[in-house]
Amino acid sequence: MYSIELKNVKKVFGKTEVIKGLDLSIQKGERLILLGSSGCGKSTLLRLISGLESITSGELFLNGELANSMAPGDRNIAMVFQNYALFPHMDVTRNISYGLRISHTPQDEISRRVGEAVRILNLGGLEHRLPRELSGGQRQRVALARALVKQSDFFLLDEPLSNLDAQLRGQARKELVKIHEIYHQTMVYVTHDQIEAMTIGQRIAVVHNGCIQMLDTPANVYHRPSNTFVARFIGSPSMNLFDARLDTGYMHLNGHEVRMTEGWSGKTALHGQPVEAGIRPEAIVLSAEPSEGAVPVSVQYHEDYGSRVGYYFTVNGKEVISIMPEDILNGCTQAFWKVDPKALHFFDAASGSNIGYPE
Amino acid sequence: MYSIELKNVKKVFGKTEVIKGLDLSIQKGERLILLGSSGCGKSTLLRLISGLESITSGELFLNGELANSMAPGDRNIAMVFQNYALFPHMDVTRNISYGLRISHTPQDEISRRVGEAVRILNLGGLEHRLPRELSGGQRQRVALARALVKQSDFFLLDEPLSNLDAQLRGQARKELVKIHEIYHQTMVYVTHDQIEAMTIGQRIAVVHNGCIQMLDTPANVYHRPSNTFVARFIGSPSMNLFDARLDTGYMHLNGHEVRMTEGWSGKTALHGQPVEAGIRPEAIVLSAEPSEGAVPVSVQYHEDYGSRVGYYFTVNGKEVISIMPEDILNGCTQAFWKVDPKALHFFDAASGSNIGYPE
Amino acid sequence: MKIDFSEAKWHILFIILVLLLIYPLLFAVSTSFKTMEEAYSSSALIPAAPTFSAYERVFTTIHFVQILSNTFIIASIVTLFKLVTALFAAYAFVFFRFRWKTPLYFLLISTIFIPFTVTMIPNYMTLTKAGLIDNIYGVALPQLADATGIFLLRQYMKGIPSSLMEVAELDHVSHWMRLRTIVVPIIRPAILSIGIIFFINSWNDYVWPAIMIKSEANYTLSLALQMFVSSEGGTDIPVAMAVASLTMLLPLGLYAVCQKFIIGTFAQSGIK
Amino acid sequence: MKIDFSEAKWHILFIILVLLLIYPLLFAVSTSFKTMEEAYSSSALIPAAPTFSAYERVFTTIHFVQILSNTFIIASIVTLFKLVTALFAAYAFVFFRFRWKTPLYFLLISTIFIPFTVTMIPNYMTLTKAGLIDNIYGVALPQLADATGIFLLRQYMKGIPSSLMEVAELDHVSHWMRLRTIVVPIIRPAILSIGIIFFINSWNDYVWPAIMIKSEANYTLSLALQMFVSSEGGTDIPVAMAVASLTMLLPLGLYAVCQKFIIGTFAQSGIK
Amino acid sequence: GNSQSSTAPVKENGKTVVTFWHVYTKNFGAPVIKQMVDDFNQSQDKIIVKEVYNPDMYPGLMKNLQADAAAGKAPSIAMIGYNYLDYFKENFKYTSPSELEKTSSSDKDFLEKNFLPNVLGLAKAGDQQVGVPFSISAPILFYNPELFKSAGLDPLNPPKTWEDVRADAKAIHDKTGNYGFYMQEYQDNWATQGLLTSNGAVILDKDSKAAFASKEAADAYQVYADMVLKDQSALHIAADEGIASFYSGKVGILAGTSAKIGTVMQSSKFPVMAAPYPGFPGKKVSIPAGGNFLAVTAQSPEEQQAAWEFIKFIMQPKYLAQWTINTGYLPPRQDVAEEPALKEAIAKTPALKVAFDEMPNLSSWVSFPGDVGVKAEKMFADVRDKILSGDSPSEVLKNAQDELNKLLK
């Protein structure tokens, strides 16, 4: 029995079909990440699960029960709204404790839970502020705190940390996982942050165009993307994609030849086929000095990300990005690139779906 | 003459002093990034510059002119509000073109600019939607587009890309820079995203506690943080900080000794002093095999960020993070760590300010 | 939202409430189609033998169209003027900062508390001097001085998120354009509601026109209605109810149109 | 926002407007302190020799406290009842989904359009049967049936962001608690404004009490005012204005208190 | 119609309850009414009278009467303005006093014995005695002796004809800059009727047809119009302000009602003097009586009798004298003049004497029959306003007469 199960769910707003027959099953106590481009329907999906939006067609099961027309209040869901939805007339404490107060939770239990949420989300000192006296990030944290204290069966979070700084974000994400490990709520978490997605998620669902493109563990989603959309979508900067052709022991890529590892060479069925080769920027190794198999290139510009440096150059008119742990060119533009053959992905040129990996 | 100059600016809300005597000078056409923890006063600063909030004390100069009481409308500012502030009764096109229509810009000019903004921000197809028919990220893009088309002297952006997915974000950030290079507006940009800060910013101002902690180029802010706050704030995961003592050729760190590079050894004035040593997770090299100077450690857990892997372990009760480009332990917990002595930062143990670097 | 049991209860309660409230309306319309005899003998809502004779009598004994147009002109002037001035004043009280704002507002609002009886006499004297007695504009004039609209609209305007006004401020948009392009469209449903209430109040006003109007050419509908109610000691009920029905007809029609408009525009402008 | 020239102009316009509107109030208060002779001979706003004699006459000739309390009871009952029912009804119309909602609402609102003259006689007849003639509750009763509050409150409620109600929905909060803990606090300033208007309307109502009330023990203030106004015998202007001033006093005081409350709570509850 | 239940008399502690509807305010009349009621209630133990004030004078009372009638109720006694005589007679149930005195146990010729026929006639419609006259007011001239003196006029020689009024008004206007004359402008034709009929005009002919579009009426109106329009010596403004102007010394002569004697004396800042309503040379002055009569509207015979007892009680000279002293109304009974209290009051307020002396000139205030009544009232006011704004009197009168007669058929 799944905790949340959507079967061929569709949602239409006026004439726009936003969710197009989506299937999704979530285990009890699982942490599922929803990833997808802006406007792909993530918030809508959460609203469908919570019952705040009615399902146009298809079925939703909660704990095995058909829930299409179950009242939202009966679903035992806590939700962090993308727009926070704080009560303007209540201060921070009263916003956070609202649900508990309404359900007549004992006062000391309320104080305990609210106190903990305030601590976790660094809201100390703001307890008696009204929402309009808070900064954007503070409001977001209050919204998260309000959902946290509910300790419901289902926990839906819509980009709950998007307006926080990296430190707070890192901290909050760890606390969320910690809390989850205590209460084991079924958690659906929308985020655009790769680190959040990879570290919080037990599985990641990549949504595109109202359908799920891939649903798998974070490692698989990153390291074995099911198709070019997922491949490009996960990882920043995006994976480089080249038109390529596989041959025994070699890959022909824009006129260059890359020597392949044994595993790939064995996939003879692919030989001669046009494919798309995906190479993450980290797997494109740049060096100032020539080396065996390295191809000279003129770097157009580079970006210092602090901990890493990204180099941009064009290969046959296509922009290619390489990421190195530190600046290796020191302002030079002449460099040599080569591909780490272990880190290659191949996709069907027509359908874009992953061809598979050796072993 | 600076484009924007703040002199000892203070802002008090009721009893809370939010900005505490801040000085900041921004060159004409500069792209300045405001970084700071949630609630530190970034939005307030933008609102002070725009005149939407009055300055409690201190002086604000715009293009050399005292602007404390200049009407916001006379400042020629475009601003992206953190909460978007879209007009609920206007569709996307009319929201974007509002300012232009009011100022009687010729119709074809309006169409051109709006069309370009729509293209840049991927809003095609949504032109006739009302804000409430848009997703969070779409609304944010409309807000950005509305500010973009204004082509004003000053451009203030309050976390303008926080709700977008990484791809769109990367794309938008490049377009912003491109546009800036055409119009050379003075740009103040609030963000929590390190990559955005590093790549868009020509300088970064790190705000904390209502004061500017550091104001420098992105590279310096990252590589030569002026104090422990900046050091910990920039970079994710944060820089590791250890209590340490410098000695000739060695650093004593939690009972371990790290051999120093020559430059550091020369700084004899520091010898024997208690300092804080900062080491970025990337500079803590972990390996499965022992090597010279490497200290054995038991890794508690690791996080796969996709392109990199973070390892967490404790050294004398203090959590230490190391980041490696790929998983080098394969599930083992026994590892050996060592520090890249070239990548060390030292801070005064009392004040927390950077002691400096060799050379 | 789903219908739960408590909603069902509310539902029933409602229908009862509505029927109670609506009864006079149905009574008026139904009686207007009865004969005088049936009006007295039967209280059934559906006339046994519907007849237009009451309406015929209305149209032959009074200049109905003239009276209708008088009432309409007065109510329209009053409504438009009060709405427009209230919009401006409320805008100023919400979005301007000026000295004495609070005391000024307080003074203005305190005028709502002046009983009609107090202003009636001075108004009548002033209008006499101005030669506006027995004149529909004279009826309209004193009704223009009413701060209720300011009071209500101000509350609605305060609900507009300040950041919207700030966007306009940064764009150097004049107050006039802010009012026109932001405030009015957003609170349009409220403006229409208040407008309808103003309209009806003026439309059904009886005491003041009764004092002011002398000649039948300047009658308003409520006076015409009173003429039938009182002159016969309430005996020609069908005619009185015919006038009443006709009195309700126009504003109801107007409202039906506006309602479409309100619903239509609210869908567009709700700040949700 | 800074004061620009156009604001200065508005400012002046305002003061003129306010003074015009406020004039009757000042006139009433000032005249109440004049002697009868001065009331007629001088139109100065400040009495030459202020006297309390008008007030003395008020308190000796009528049972002012009794009359005040009658008026207050009627106005309070009417205001509270109308506000409470309007809150419930408006809530249902905004946040419930049920069949016939739109036509039901339309019907309900159309009752606003019924002229007082139509309901007056049937109401009087009903109240006679119920033995409520010459009874302050009889005065209050027909005023309770008024859909204006629903009309106005509904608009305010529509302005509440739907996500707030959704939060409550997810928390399994009953409609009653949603109304109490979310809707009412957020639109409290609007409720108070509307309440004040209801109160004043009932407080100053004259036509209906004049028909209903016979004995002086049951008088309302507006009737008491009338007791000093006679076209045949002349009007005791100072006393009439003393009654008028006293009539305005209580609601104005109430308003001043509420205003503090409104400002106080609005600061807390603005959806900005 | 009348419902069964309400025809039984209301009892309180075994006493028959009589409700007495009047229109008198606290500052005008109500205290005396209260005195009468209290005295009556103490004088016997079978009847208890309750007085009910009705705001808005006669129209207000009439509206309340309608509401009661619709609800099948009625007061025991209603005070009806003379101008509502016909209207009342045709639309409401009442018991004629002639009937009541016959069924009464004593005083079977109460009316005949105590009232002058022309006074009784004021409350008579056709042959029917509808009620008992109670208050009678007569139009009267008040004038400001100070202004007279400043204008070189003799305050002891007030105007006797309308031409005198015009001349004096012009003198006051020319010499002092103040207005010379003001005639009260209520929404009725009371004051103007006195002007027209004194010139021999007829308002309503014997067939109950409007007949005021005569040369006499037009001529009379012309004098008034000339004062306003040609000489600009007369004020044309609503009653309250016009009267207030007189009080404050800005108008020389006020043509108003004797009911205002008290108020006028009290409100003016100079010693007011009074003179009889003027006429036209060689013609008999004929002025309308204002005021009201009492009609018995009680429904049960027992209550009717009780009401009648009360009416007889307050018609005692003692009370009528009080009424006159306090209000300025003329008493309906001749013998009241003999009351010492009244004599004393007249000595103090000579204006009362002036009013008294007008009694023989009184005639009925014309009241239109049927449902035209209320409308006719307004039409008359309309006629005045039109003429005073420059329209030709004969034309305006003609149009109004035609319109009225159309309604009357």
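By written order: A, B, C, D and E. Residues from 1 in each chain.
Operating definition for what follows: a contact is a pair of C-beta atoms (placed from the backbone, for glycine too) under 8 Å apart; a residue touches a chain by one contact, two chains touch by 3 or more.
Keep in mind it's a predicted model, so treat the numbers as computed, not measured.
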Among the chains, which has its CA centre at the largest distance from subunit B's? E
Have a look and report which chain pair racks up the highest count of C-beta pairs in contact. C-D
Where subunit A and subunit C are represented by their mean Cα positions, the distance between them in whole Å: 56
Where subunit C and subunit D are represented by their mean Cα positions, the distance between them in whole Å: 16
Out of subunit E, which residues touch more than one other chain, so two or more? 63, 70, 240
Residues of subunit C that touch at least two other chains are 1, 161, 163, 169, 229, 234, 270-272
Quick one: which residues in subunit A touch 2 or more of the other chains? 71, 83
In the complex, subunit D touches subunit E at residues 36-37, 39-42, 61-62, 120-121, 124-125, 128-129, 133, 206, 210-211, 214-216, 223, 226-236, 239
Interface with subunit D, subunit E side, in the complex: residues 19, 23-30, 50, 52-57, 60, 63-64, 67-68, 70-73, 137, 186, 239-240, 243-244, 247-249, 257, 259-260, 262-264, 266-269, 290, 327
Given the complex, residues on subunit B that touch subunit A span 13-14, 35-39, 41-44, 82-83, 122, 126, 133-138, 140-141, 158-159, 162-170, 192-195, 198-199, 218-219, 222-223, 232-238, 280-282, 303-307, 323, 325
For the complex, give me every residue of subunit D touching subunit C. 1, 3, 6-7, 10-11, 14-15, 17-18, 20-22, 24-25, 27-28, 85, 88-89, 92, 95-98, 104, 106-119, 121-122, 145, 147-148, 151-152, 155-156, 158-159, 161-163, 169, 174-176, 189-190, 193-194, 196-197, 200, 203-204, 206-207, 221-222, 225-226, 229, 241, 244, 247-248, 251-252, 255-256, 259, 266, 270-272
For a test of understanding, state which residues of subunit C touch subunit B in their complex under the given definition. 161, 163-164, 166-173, 177, 181-182, 185-186, 265, 268-272
